[in-house]
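The next part holds the structures, each set out as structure tokens.
In what comes next, subunit A is part of two complexes: it sits with subunit B in the first one and with subunit C in the second one.
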Partner chain A sequence: MNYFQLFGIEVSFDVDLNQLSQTYQTLQKSVHPDKFAHASSQEQLIAVQKSAELNDAYQTIKQPLARAEYILTLRGVELPNEQHTFGDTRFLMRQMELREMLEEVTHAEDVDAALAAAQQELAQEYQQHFSLLQAQICENTDAANMLACDNLRKLKFYQKLNIEVDRLEDSLFDD
Partner chain B sequence: MAYSEKVIDHYENPRNVGSMDKSDPSVATGMVGAPACGDVMKLQLKISADGVIEDAKFKTYGCGSAIASSSLVTEWVKGKSIEEAGQIKNTAIAEELALPPVKIHCSILAEDAIKAAIEDYKSKNG
Partner chain C sequence: MALLQIAEPGLSTVPHEHRLAAGIDLGTTNSLIASVQSGEASTLVDQDGRDILPSIVSYQPNDILVGEGAKSLSVSDPQNTIVSAKRLIGRSLADIQSKYPSLPYQFTGDENKPEIVTRKGNINPVQVSAEILKSLSQRAEQALGGELTGVVVTVPAHFDDAQRQSTKDAAKLAGVNVLRLLNEPTAAAVAYGLDSGQEGVIAIYDLGGGTFDISVLRLNKGVFEVLSTGGDSALGGDDFDVVLADYLVEQAGLTRPLSPTLERQLIKQACYAKEQLTTLDNVEVTLTLSADESNEKNEQVWSTNISKETFDGLISALVKKTLRACRRSLKDANISVDEVLEVVMVGGSTRVPLVRSEVEKYFNKTPLTSIDPDKVVAIGAAIQADILAGNKPDSDILLLDVIPLSLGLETMGGLVEKVIHRNTTIPVAKAQEFTTFKDGQTAMAVHVLQGERELVDDCRSLARFELRGIPAMTAGAAHIRVTFKVDADGLLSVSAMEKSSGVEASIEVKPSFGIDDSKIAQMLKDSMNNAKADIDARMLKEQQVEAARVIESVKAAIALDHHLLDAEETSTIEQVINSLAEISQGDDADAIEAAIKKLDQATDVFAERRMDSSINKALSGQSVDKL
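Take a look at the complex of A and B:
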């Protein structure tokens, strides 16, 4: 049974997150340890395993990038090793510019405005790649799946940048 | 996780940080990235007409090990021919910096940056 089947939904990139969260809570209740207080240790163990599996499934489907990666895996697409070096020069040049832009935020005259502008720029580029990923996963051809892998790797750089932005925001508000 | 003294030294006093004009035909630029951790590394080499690396600069956004690996590489490649530089192995970088297994990919990134720069030089001067 794959993660989508656990929740009784079709394998799809479009997921109703409210529905997913409700189903998740209902399913978790059904395997709650309290229900198995008088059960055999064997049954208790199965319930604990089921609960852990539900949690993994929920976390995977809930997060768009993890969901995309999981769908590609289900399709038998071989994802490039995470440690494998990425060599798209133009993309990486842009990544470097975006990181330089974040560095400059701290020295800007109007830090709040600079931060907001940086966040907007990042969000826009993330969305562009994300929309592409969505379309590629939906298309589900060999070529589109390969492109989706490439896009997924790019989005991971943006994900990292978003973490940096959050950190920057925290450090600015701390002062 | 504890960094080795050499990593800390390169991290605190990075050698040859900076940029060169990438449109200059004698400047080779290698850009590489690691999606797993979002590290981005730029290595630039100034190469003489007879194929010797006269200068090297780097700019890296990443963890201490990634910065140390690229800093070390800029020191190593200077004065070498591009053929010699192309033979630098990540294992030598990892050994010199005493990188733990989880940071080996930083040294791979640095090796790949040299290769990418040499590729760029060859395509420019093919």
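Take a look at the complex of A and C:
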């Protein structure tokens, strides 16, 4: 049973997150270890496993990038691992520029404004790649799936940059 | 190791059998116990009518005093009177000494298992907590008139794995059966949510004596979903006392180190001043400077006046620190300040006026104090204990909690690779693959860490173990799969396996802090003061009770879901049940244990099918709802 089937929904990139959350809570009410606190240790063990599986399924479908990756895996698309070299030099150059931009935020005259501008720029580029990914996954041809893989990797670069932004924000506020 | 209650065979399926259960708020400064009686949760009082038990244990020559009796000895006998043991539990010696440099205790023992030297021998903080738990559970058994089936013990949401494990060990040592470790803010949310019937996003601001937690939850149709939690397991009202005591030291022109008695006096006076300043604008503080430790007869009395402004100035940095944690938690939850419907204040330290006004300013709404901030955690724990004990089979309540701190492994270069991120809903199981660094490498050191920082040195080391017997291969060819599992108590277990060659080697680990299982067993035996025969009799009785419980639960399952088994499967299980029933009449505890395991194995597939069938039932119920 795949994660989508677990929630009784079709494998699709478009997910009704509200409905997903309702189903998730209903299912947890029937398998959560708290419901088996007085049962045998064996039933408790199974409850922990099922509940953990459900949590993993929920997180995977809820988060768009994890969902995309999961759908591609279900389609049998081999995802390149992280150490694999990445050929798109223009994209990599752009990533270096963005990193430099973040470093400069701390030296800006108006730090808050610089940070907000940087966040906006990142969000915009993320959205561009994300829209592409969405279309490619919907198309579901071999070629489109390969392109989706590529885009997914790029989006993960942005995800990492966003973690940097969070860290930067924390350090700026921790005075 | 409290025994479970059990009725006569054949009568045990009485529908409304009420099992005695309680919730314990094991606090840094004060502890409470509460229970649900006739549908109403309330705190239980001692023979003097008090519900608050000061979390203080005093080791006297002929007696171990807990609570008020111990409190009166905290100044006159500081070295044998342990205050705020919760701040020490599950911590290394170096950690304790850097965080609390002026404690009056003398420490000894292992770096990872520090003990306090008292006249009754060396005492581990786990033992101190166990005394408090024992005292509370005795109070409950007297008040409720019977043995407790189990308790829910609350812990700060921000407690790390070692601190949680140590708390559970303390309960084991006290002979108390723990149904669940529950995060304090989640317990408070249950009490508040059921009381108000509110739905939507709420924040719980919990500032206790020694710990601070902030949790953001979404309440929806009986589900309490924790979206994020944050805080500081070493920040609380006690720290307000410490900064005020430091100020007094400076004002009185004293130089440290001071005598333990004077240190305790300083803290006591600082605490008094803090409490007075919740209603007054000024307070007079008096210290007796040359008390009992010297031979000088002329006691020197020193006094000063402290204004509310001075106090606010001293603690404002600490209060700001709590607000930074609030900001981070809201961000983790992806919730804006405006989306928070209510901020519930929990913990005695939220009485400090500056705390209230700063929280109000940050959340832009008046914080709620409608439920007594001292009792709300114990009340919530009691409600959950009642459910977990099985007294409310139709309850719609479900708590979905998270882990407070990320869990990871050490990789090359002293870096931490996170396997489970903070604020992941529990229970959770995650696996990650690693490989060898050198050609022919046959062993791998696995170092488990907890924390948010990137460097190993900045994270909390939980455990180390070695995976041996990896077949020699070229570097990078081995696939070592490390699995992290966190259960519903928030407790971690880790296993590792080499899978590319088909050779399996795995190991389960427990954090290296606190007390070993074998030592706990020994302590339990010592505390029982019984002959070996008595202990054996107890073990036998426990196994018999467990056997009866398992048989009953399997029979009930078959009665309910026999359609999931074919005739042959049913008869196999019945045979195993009969054999267990027969063995459990005998007096071989080990044989009974083995027979229970056999029944567990025989019903494995059946239990899985039942779980799947209940998932399907829940799903189809859901789609009917949709129509």
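Methods note: the second predicted complex is superposed on the first by the 168 of 175 C-alpha atoms of A that agree within 3 Å, B and C clash if a C-alpha of one lies under 4 Å from a C-alpha of the other, contacts with A are read in each partner's own complex, and residues count from 1 in each chain.
Please note the rule applied: a residue touches a chain if its C-beta (ideal position, glycine included) is under 8 Å from a C-beta of that chain, and two chains touch if they have at least 3 such contacts.
Since this is a predicted model, take the numbers as computed values, not measurements.
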First (subunit B), second (subunit C), both or neither touched by A:153: first
Contacts of A:22 with subunit B and subunit C, given as first, second, both or neither: second
Subunit B versus subunit C as contact partner of A:99, first or second or both or neither: first
Touching partner for A:59 - first (subunit B), second (subunit C), both, neither: second
Which of subunit B and subunit C A:39 touches, first, second, both or neither: second
First (subunit B), second (subunit C), both or neither touched by A:89: first
Partner chain in contact with A:47 - subunit B first, subunit C second, else both or neither: second
Partner with the higher number of touched subunit A residues, subunit C or subunit B: C
Those residues of subunit A which subunit B touches in one complex and subunit C touches in the other: none
Residues of subunit A that touch subunit B when the two form their complex: 82-83, 85-89, 91-93, 95-96, 99, 153-154, 156-157, 159-161
Residue numbers on subunit A that touch subunit C, as the complex places them: 6-8, 22-23, 25-35, 37-43, 46-53, 55-56, 58-59, 166, 170, 173-174
Subunit A-touching residues of subunit B, taken from the complex the two chains share: 29, 31-38, 40, 42, 59, 61, 105, 108-109, 112, 116, 120
Subunit C - residues contacting subunit A, complex: 19, 150, 179-180, 220-221, 223, 225, 324, 327-328, 331, 384, 387-390, 396, 398-400, 424-430, 485, 487-488, 549-550, 553-554, 600, 603-604, 607-608, 611, 614-615, 617-619, 621-623
